[in-house]
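Naming follows writing order (A, B, C and D), and every chain is counted from residue 1.
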Amino acid sequence: MNFALWTPLAVPVVLAVLSLTGGARPLGRLGPIASSAAVLLSGLLLVAAVLGGQVPTLGGGLLRADALSAYMLTVVGAVGLVSTWGGLGHTEKAPGRFAGSYDALISVFLAAMSLAVLADNIGLMWAAVEATTITTAFLVGHHRTRSSLEAAWKYVILGSVGVAIALLGIVLIYAASRGTGEPTLSWLVLSRTDLPLDPALIRAGGALAVLGFATKAGLAPMHSWLPDAHSQAPAPVSGLMSGVLLAVALYAILRIQTITDAVIGPDFLRVMLSVGGLLSLFVAAALLIRQRDFKRMLAYSSIEHMGMMAVGAAIGPAALPAVLLYMLGHGLTKATLFVLSGRILEVEGTPRIDDVRALLVRRPGLAVPWLIAMAALVGFPPFSIFFSEVGIIVAGFGTGMGVVVGIALVLLLVIFAALTRLTVAMTIGAPAAAPGTDPAGAALPGTDPAGTVAVPVRATPDRSAHGPRLPLILALATTAVVAFIAEPVGTLLARAAAVLGGAQ
Amino acid sequence: MIPAIAIALLQLVLFVFLSPLLIGVMRQVRARLEGRAGSGIWQPWRDVRKLVAKDPVRAADSSWMLAAGPVTLLASSLLLCVLLPLVGTLPLPLVPSDLFVIVSMMLIGVVALALVGLDAGTAFGGMGSSRHMTVAALVEPTLLLAVYALSIPAGTSTLSLIVETRLQNPAVIISPVSLLAMVALAIAIMAETSRLPIDNPSTHLELTMLHEAMVLEASGRDLAWLELGSWLKLAALLGLLSNLILPWGVLTDFSLPGVLVGLGAVTAKILLLGVALSVGEVFLAKVRLFRVPELLAGSFALALLAVTASYLVA
Amino acid sequence: MFDTVFPQLIGLCTGALLLTSALMVWRHSLLASIRLLSVQGFALAALVAVIGLEEGEAEVIIVSVLVLLVKGMALPWVLAHETRATTRTDEAPRLNPTAGLLTVALLTILSYVVASRLLSGDTSISAHAAPIGLAMVLIGFLLLVTRRQAGSQLIGFLVLDNGIATVAFLTSGGVPLFLELGISLDVLLVVVILYVFAGRMRNKFGNTDIDQLRKLHD
Amino acid sequence: MTPVEAGMLGQVALLAAAVASALLVPSARWRSRVSGILCALLAAAGVVTGAIALSGGRGALTIPTTLPMDPLVLSPDRLGGLVMVVVSVVGVLASLFGIGSARVASASRTAWASMAVFLFGMQLVPAATDVVSFLLFWEIMTLGSTALLLAHHATRGTVASALVWYSAMSQLSFFFVLAGFAVLAGATGGTGFAALATLDPSSWQASLAFVLLLLGFGGKAELVPLHVWVPRVLPEAPGHVAAAMSGAMVNIGVYGALLVCVRLLPNGPAWWGVLIMALGAVSALYGILQASVASNLKVLLAYSTTENMGLVFLGLGASVLLRGDHATGAADAALLAALLLMVSHAAFKATLFLGAGAVARSTREMNLDRLGGLGSRMPWTAGAFGAAALGAAALPVTSGFVAEWMLLQALVHGSRVGGEVVSVTSSVAMPLAVAVIALTAGLALLTFVKAYGIAFLARPRSAQATAAREVPLIMRIPLIIGALLVIGLGLLPGPLTVALASAVGPAFTPDVRTIGLAGVDARGIDVVLDPTTFVALAALVLLPVLAAILISARRHPTRVSPLPWAGGGSRLRPRMQYTATSYAEPLVRVFDDVLRPTRDVEVTHVGESRYLVERVHVEQTVSDVIETRFYRPVLGLAQRFGVLARRAQNGSIHRYLSYSFVALLVVLIVVSL
């Protein structure tokens, strides 16, 4: 099963090279999808291996797939597939000259994320995370407009500065491991509880590493790049970044947390993650109240969900399965929403919520999946985010973090109300009467309490989905049922959480 | 059980005859006090007879409510006469004279009257109905609380048992709690039966009418039932009030002399109270409609005071 | 003999590092900053070499050469090339030089405090010099926060990165070689990307003033 | 497989069938028929399952879940079975009524699919035996009801605002419930109700959880101050949806409160009871006051729900308080009264809303000021609505009366046991509660006299009302069933009360028997009520009257005249009748301080004359004080904050970098401390 460790790295890179050089455009465009599929398949193979009790390793232990890595790889693959497949319609509009590099960069981006989750070395993990910044920089700036250039600049500066701080932390952790005689960055070694690591260095290193990765994870106050980058990037890229890149960064935080918890106990990072999580929720709430742009709305919602996951991470082992499930649920839902937002942007030509009205009447093909995905995003069952949130909150009260979770609930309510208001503003309502239609048909609001009268159809509603439907249906269906699959998903999550809990 | 049913029927028959007489007496007393000759104490009887023998005229747009409403009002008043402890306090099995049942019974009549007022489709009927229901809504708490206060010493909400307790233990009657409650109850009954100062029963001026406005469109036997129902209600409630103030003479164990005494006592008490009421009304003016709630709020306060006092003081 | 020279050499190198960083906050001219960055790269390479000699590891010498090539020569050259293309090479920082230098002093003190807590058990010379690295990180950050030109921000980023490298070499003798290569490559790529973006910015706006990137908000 | 398990699986299967048919049947008419019948069957399955559970049948379904927590088990107990029956019966009526709506919005795919989801969630909430499955079905219910509203978006602009309010307030309730359960779970270490019930009710966690849960469930039960969505949402929903929401969904809120007070934390401290009573009393008074001045029929009914739920909670609170005072008999009676009220409210409110739906269908008008005279035009609807209105006004012989009677009896008998005052708290609380109930009942009387009298009696006030026609048979059937339920439960309270008493066992064992034909005998407080005897007595006294009428009618037949007296005038037009607004005018004046009406009087003079008036236009609106004084300022503050918060994200990269820089410095300082 060890080959599944290099396939998610090698296949996308090969496909990227093909995309760059490939003359056969229609086939080349499938490159990112093939890459995602490769990652997903490798992930599933590794999951099977892990559930069978194996721990595949490669390169002298440099690459290693425990339950957590296998799970994360699957999430990367699944979200990648939804984003790239769902974004198929999109790339057709891309400038032809850059289409090849666009596809290639997405493939490399996927490879970098795969490397980040498969590396057993936190240094390598860092390098992979930094590589994601490099690959996505041009993707964010893909549209070559003023705003996309601005977003890309901010993204690169803030992202690499943040990740640099993480490097400083990792250096300190490495320094702390010198006391063991054999300095190492292997996560497996560092997370052993019996190592004589220097607590002061681990504390500082852990704190700085978490702070640095928090930048990529979009946790406040390091989140500033996120709304800009997510709103300017092409929709599939936004989906990938929001859906998995943030989760991968959180994965890095979880790995670091395991190391520090073993040495200095959970309290220190618990406080830090709680503060970060609550601050993220606060920032998301504050900026969603009067949000005007639907892609930015989704971006702030990502900050919110990452904040909630950070709170879950702060709670510790009791909430970890919920956090991991959250990553999958949020990834798939957010990828769907970004893909849809891309399509809405394309057909409506504006990202402003005020300019997109009555979508449900005019374009049910886009509005219906949008509403379903929004329901999933704000945490309605049967979608898995509901279970994750409930799991985190119940675990929080059980761990004595009632106050933190209570504040989180208040902020979640504000966010819920704001998101609902914005979504309703976009989708619900009667369209403005088009010129040339019968004015008598425009029923005055409030004159018809029965609700049984049909408004004369003004124009044929646009039922087209403006792109492939299947990936979106698959994504939503997966989030809807995944929370009920106790076997094998439940076992996998339990094992993955056990990895972080220190048990092996 | 048989004696209880017998007493109930006796009360029914007695009050059907007594209530027009009571109205006649009250009108006559008032007329004399105002220096008029009056139409005699049997005039209400003659009115009823005359109305029954007339063709009722109904509005084209009215519904069955105009026919059913008066009968319902009459039925509710008749049931009131059956259930209240007037001649005797023998409770009927399965249908004791429960305070809450009695009040609901009475409210059915109130609702029927209000709907009759609305059904005619005129401005007056609606006005009367609206005012009537407003007053009824505000009276109900007072009525319930006042009787609740009286029920506390008896430990039951059955009116016959309350009257019996007062008969056996007259000290209860003049206790402060009881006095407060009686005043509150008296005001509530005045409002409930559309007497001064809440409503002027002899007026036909649109600004002051409550009851009369609702029956404007009724005619013939419909009007007869409405009038008879209202009179019966007044008589029954006055009977209850008098039995609460002066419980003596009420029959508690069935015996023929007891029945006669009971009949005589309740007739005398009701007529006496009626005369007192109409004497009082001569000296009263109707209060403005929007001052009525203040009056009712006052009586409500008295009743509430009575209840809490009976728990905390007594 | 080397045992006595070693601390002095370390002190010299780290002193040069701190001095160049502080000077960069002081100077406004982009080209001057780039020259200082180049000097800093040389100092860092020297530091690595000293540590490598002291520990006798050949691997570290290779790293030293690498650092010299990348940080001392390649990157400054790229930057200078980019800067010459811009019309404005002067900078009007958001913080005046006096305040900037004072802040540098405060940040350096903070670094010493932090480092003294972290390395309380470690009495080696290199550990004593580690605060300098931390101070460089903070100064780099300060440059990023206060400078308006794209080029200056790049320089700030590089100072920050140099600081991290300094800490790495002083506290732990550097990270494993393959990682060092990876890290260097990453940094190089970031600089290249920023360089490209700065070029695009110049094409679009005619200058590289970061302040005009205010279109995306709330 | 036990019958209960089969019933629950049947509901799952019927849900799938109903959703599939809603999505797949292309014609709106046939979609309404097929999905409507499947929804009715889904609800009927709920009735059967609930009835079996109520009679003691057991069975458990386990929902698999990915997360490691206590198993998610569905296994309705007697109380759950009772609530399941109640909501499902309303579900059957609403589904049948919905079949009649073949027009686009009510018959859309979304409408029927979400109707099925809504009913399904609602019916299975009472089956949950652990926190997570409870919350799961709770949210499914919320999702279904939200989507139901969504289905009507195209017809009216006001739906959007109603939708936002509804979602936000539902989520608020949900978070309260979630937090409350989480506190309990945190304190006991499990998520099963059996585990939660092990918590000592006197601990602070129990009290905290109690307050949170009370707010959450109170919100679902439309209690003040979480009721603000009610008058916005229910008028927007079509009749059968409003019936399902107001007749059935509120019962889930009551069920939650019962779950807390009967199952999880019985024997809580007395102040819990006082708190519930206060919440209930305020809701009852506020709700009925708003209802009594409302001119929109659906708004009136919506506020009346707040009133009735307030009374239910008042009863529940009284039972908690009295149990704390060891007045067990009265406490049991109060609990039974709360349950009776819940059941009867479901019956009459569903019927009332269906009636309103029928009126809306025939007239497209919900403003009472423009209705009138429907009694002769829609006799079936009028009859059913009238019977239900009697129930809502708690007049004999309806289910509403029995419930209110029981509640008053419990309160009156509660403060003394054996002649001794049980506690000062009770001595103050009980009379106040009686006063509140009495005032509420009085205002309810006025409200429903107004609703029925203005809408169905007198002359039509608009052309639509004149042209109204009776609704089709399929819509009449649920109306009639509903009316029969209201009267039937009122006539036969004995068996019902005995069943209710068994539902709250084994924790509590109220001593009630059936007496007479089907009367109720509450042994605990020694009172009896037999409505059938009562009806017989009424028939008896009416016999002579009816005989007199028959004789008189033969001799003096009724004459019909267009305007018999007409107040002495001859040009009496329907517009001159009292309207709903003028009907409530005296009350508005009396309760001026609470209702805060705003009046706009616009006088148009004839030409230049100051004395001749051509037209007077009066407009009066009564505001929801809680909304204007509490929610509006809070929302305004949030909006202002939202504008302010934009500055934090003003686009300057230097600002963003300094956020990171400050965070780094803070972390460094904290680390070195």
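As a working rule, contacts are C-beta pairs under 8 Å (C-beta built on N, C-alpha and C of every residue); 3 or more make two chains touch, one makes a residue touch a chain.
It should be emphasised that the depicted structure is a prediction, and the values quoted were computed from it without experimental measurement.
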item	value
Contact-richer chain pair [C-D vs A-C]	A-C
Rounded Å distance between chain C and chain D, as computed from the means of their C-alpha atoms	69
Rounded Å distance between chain A and chain C, as computed from the means of their C-alpha atoms	32
Intercentroid distance (Cα basis), chain B paired with chain A, Å	75
Euclidean distance of C-alpha centroids - chain B vs chain C, Å	99
Overlap residues in chain D, where contacts from two or more other chains coincide	645-646, 649, 653, 657, 660, 664, 668, 671-672
Shared-contact residues (touching 2 or more other chains) in chain B	none
Set of chain A residues in contact with two or more other chains	153-154, 157, 161, 165, 204, 227, 287, 290
Interchain pairs in contact, sorted by label	A-C, A-D, B-D, C-D
Touching residues (chain side chain C, partner chain A) in the complex	114, 117-121, 134, 137, 141, 144, 150, 153, 157, 160-161, 163-164, 167-168, 171-172, 175-176, 179, 182-183, 186, 189-190, 193-194, 197, 200-201, 204-205, 210, 213, 215-216, 218
Footprint of chain C on chain A - complex, ascending	121, 123-124, 126-127, 130-131, 133-134, 137-138, 141, 144, 146-147, 149-154, 156-157, 160-161, 164-165, 167-168, 170-172, 174-175, 178, 183, 185, 198, 200-201, 204, 227-228, 231-232, 287, 290-292, 296
Chain D partner contacts - residues on chain A that touch it in the complex	153-154, 157-158, 161-162, 165, 203-204, 207-208, 211, 215, 221-222, 224-225, 227, 272, 283, 286-290, 321-322, 325, 360-361, 371, 375, 378-382, 384, 386-388, 390-391, 393-394, 396-400, 402, 405-406, 409, 412-414, 416-418, 420-421, 424-425, 427-430, 443, 445-446, 448-455, 482-487, 489-490, 493-494, 497
Complex contact set, residues of chain D against chain C	645-646, 649-654, 657-658, 660-661, 664-665, 668-669, 671-672
Footprint of chain D on chain C - complex, ascending	94, 110, 113-114, 116-118, 134, 138, 141-142, 144-146, 148, 210-211, 213-218
